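Supplied in structure tokens, the structure appears directly below.
Going by the order they are written in, the chains are A, B and C; count residues from 1 in each one.
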Amino acid sequence: MQIKIEKLNKVYHGNVHALNNLSLEIPNGMFGLLGPNGAGKTTLMRILAGILQPTDGSIRVGEYDASTEHGRQSIQNILGYLPQELGVYPDLSAQEFLDYVALLKGLRDPKARKQRVEQLLEMVALKHVANRKLKTYSGGMKRRAGIAQALLNDPKFLIVDEPTAGLDPEERIRFRNLLSDLAGERTVLLSTHIVEDIAQTCSNIAMMKAGQNIFQGTVFEMLQHTQGHVWNITTTDKTRPEGNFTIVSTIHMQNSSQYRVVGTPDAHYQATPAEPGLEDGYVWFMQQTEQQG
Amino acid sequence: MDRQLLRYELRLLGLKVILPPVLVVLLFALLGFILHVMGVNVSHALVACQEMFLPLVVGAIVAATSLYDPALELQLALPTRYQKTAMRRFMLVTIWACIVCFLTNSIMFFFQLAYQPAQLHSWALPMQWLGGQLIWLAPLLWFMSVGFCITLLTHSISASGAVLGGLWILEALFIKNLLPTNPWLQPLVLFPTTLMPEASFWLSNRLELLVMALILLPINWWLLRNTESLLKSASAE
Amino acid sequence: MYKLATFYGAWKYEFRMQVRRPWLWITMGLIELIMLGFMFRTPGVLDLVLHLKNAPLLATTAYWTNLVNYLLPVAVAIMIADRLPRDNRIHVQEILSTLPGSSGARLFGKYLGNTFATLLPIVIFYLLGILVIFAQTLNAQVFLLAIMTFATIVLPGMLFVGAIATVVPALIWVPVFQFLFVGYWFWGNLYKPRGIPTISDTILTPAGGYMSRGFFGVTVFPVDRANAFQGLASMVLLLVLSVLLILALNSYQRWQQARQ
């Protein structure tokens, strides 16, 4: 399913521009949306999920036009959505929560519904605790229940907003693998500011800042753009290097310190070039847009 | 409508919605008993229970439950509109409150514990019983609709609680004195059975309050369409 | 010293948070308008206001103070009631409980900050009334009397109401508190029903009837007789009860925390 966003704007009350002429194309498969806090990612997700209406611009999700009421309703029928802050009903068990959401998603046949709920509980490894109340669940378990509810209607378009925030490393890895498995059959839009999550799961990405799309392409293309801008600097005195660059890591050794920097260090630092990673690419693009004003 | 869905909605509303109207009735039953032992006529207090106190408590509950859903963002992204879900919950609270009020009124009627408004005295007994249901029905629906509406407009259960509470007290204490010089206030008298059971406008007042409540229903439905405002209100306050 | 800093920090934060709520001002304004509407529609009131010049200044000021304290404490209680549950809902309480400094000082700061912020629209409304009395009488003494009557009639009761509205919602659901408080205000302050027991005519009433009758000789509340000593006793009782309520809440919160 292709998603095409053109010149999308969202202005909140008080003239707050959350999205500024955003254009984006999201192909089938796993798609990562990167950006700092306040970049407009959540606003975009909410517009795509039919929760918010754009101020202007157009969105097409497959054959549906998301700027119309009918289009939004049709999109919600094929959508799975895991919001950034998933509130759950604390006194329902996971099984009941999924059953309730399934009913609201239009799964009326009790037998089919029960089967689907069980299948998903199995898939997210919650079957053994399915009858426990959600208030007793850990953050990771709630997130898994959240992804299960998003999949109830076998969505063609899945939106997951900051799904791994607050999860321990094991839970994060499990969650990432789950999302990758899901992407085979559908479009999965993963929004996060955790670069590692994108690096491990997405080949196509976009980067947002201040409501605008500052990069769209493959991870490979992003790394290519960053090539030649990542350096290692070694200093023997205690002072931190300064200049037109950002320090992304620091290792203090016995007699020296090694810095990994993104940008253009002065010649006197005798910097040696390094292979860029996705995080370096992220920093490079953010730095570029900042310099361009 | 799916019965399983209704069952879930009832569970989500929970005991905090189900218990308060019952507790109000029990509290007044206890008060009635104490007053009876003290040799005080209890009919006035019992009419006030159904006409003044039950509508206020249900109004406050509806105002609180209409807006706050722990999974609101998820609800707004579901194919079943939240508008429908909120109205379903409103209906469930209404049905529950009506059951409690109807039983309370009927018990009072059959055991002759309360009095009837003067306009119903000439009616046949079964009609008095049926017409007497308007004692609670009109203010109940009025408080529920108005409370719901103020909450949706202000995104604040405190605002709706304060306005409803203020109106309730002013009506209880002053409306009777205002009526002789301000007859246009007749349709806005919320508790005529308790305050002036002899009123000649009792029946028309009940119908006018019901009409006001019914007019507010589609307005509330329309207000619930504004998902952006609903989402904002969840994080406001 | 550290306790004082904690108290002041909490006071300032809560005051600012509450005073910035647009619906505090809109709701209070709306209720004040409804109240004025009811007042001026009551036969004789308009005439009375137009001829204030001939009325005794002290009694006029005291009556106005009574009227301000008639209905608005309900709005004050309801607007304060959601503050503590809000802390729990947005998990601020967890953060606050890990901070250094006395939890009691923080709770007192919270209570007083909220109460004074909620009182602000009432003070403004009250002053407008005082200005009307001044415009009618052109007697500047009214300002002194306004301070005296407000401090003795309104303030102790409002502090008590603020304490109840801070403490009780920690134990029960806010809408139920709203309902109970409206019922309590009606039964325990404004209404003196025949045969039904009430605390409207005891020194426990926060509406200020004892202070008003005891110190200034007039009141609109159902307190037929009271002397200055009873007025003072009512004031002290309300203030002591307010402090005790907040201390009890502090102990309850600490007990709850220890249990977790």
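In the analysis below, contacts are C-beta pairs under 8 Å (C-beta built on N, C-alpha and C of every residue); 3 or more make two chains touch, one makes a residue touch a chain.
Here the structure is a predicted model, which means the values were calculated and not measured.
The touch graph of the protein chains shown is a line. In this assembly, the chain whose C-alpha centre lies farthest from chain A is C.
Rounded to a whole number, the gap between the C-alpha centres of chain B and chain C is 27 angstrom. In this assembly, the C-alpha centroid of chain A lies 45 Å from the C-alpha centroid of chain B.
Between chain A and chain C the centroid-to-centroid distance comes to 49 Å (mean Cα coordinates, whole Å).
Per the touch definition, chain C reaches chain B in the complex via residues 21, 23, 26-28, 30-31, 34-35, 38, 41-43, 71, 74-75, 78-79, 81-82, 86, 173-176, 178-179, 181-183, 185-186, 190-191, 194-196. Against chain A, the residues of chain B that register as touching in their complex are 2, 4-5, 8, 11-12, 14, 69-80, 85, 227-228, 231. Across the complex, chain A meets chain B through its residues 46, 49-53, 73, 76-77, 79, 81, 83, 85-92, 96, 99-101, 103-106, 108, 110, 149, 153.
Here chain B touches chain C in the complex through residues 16, 20, 31, 35, 38, 40-41, 45, 53, 56-57, 60-61, 63-64, 154-159, 161-170, 172-174, 177-178, 180-182, 237, going by the rule given at the top.
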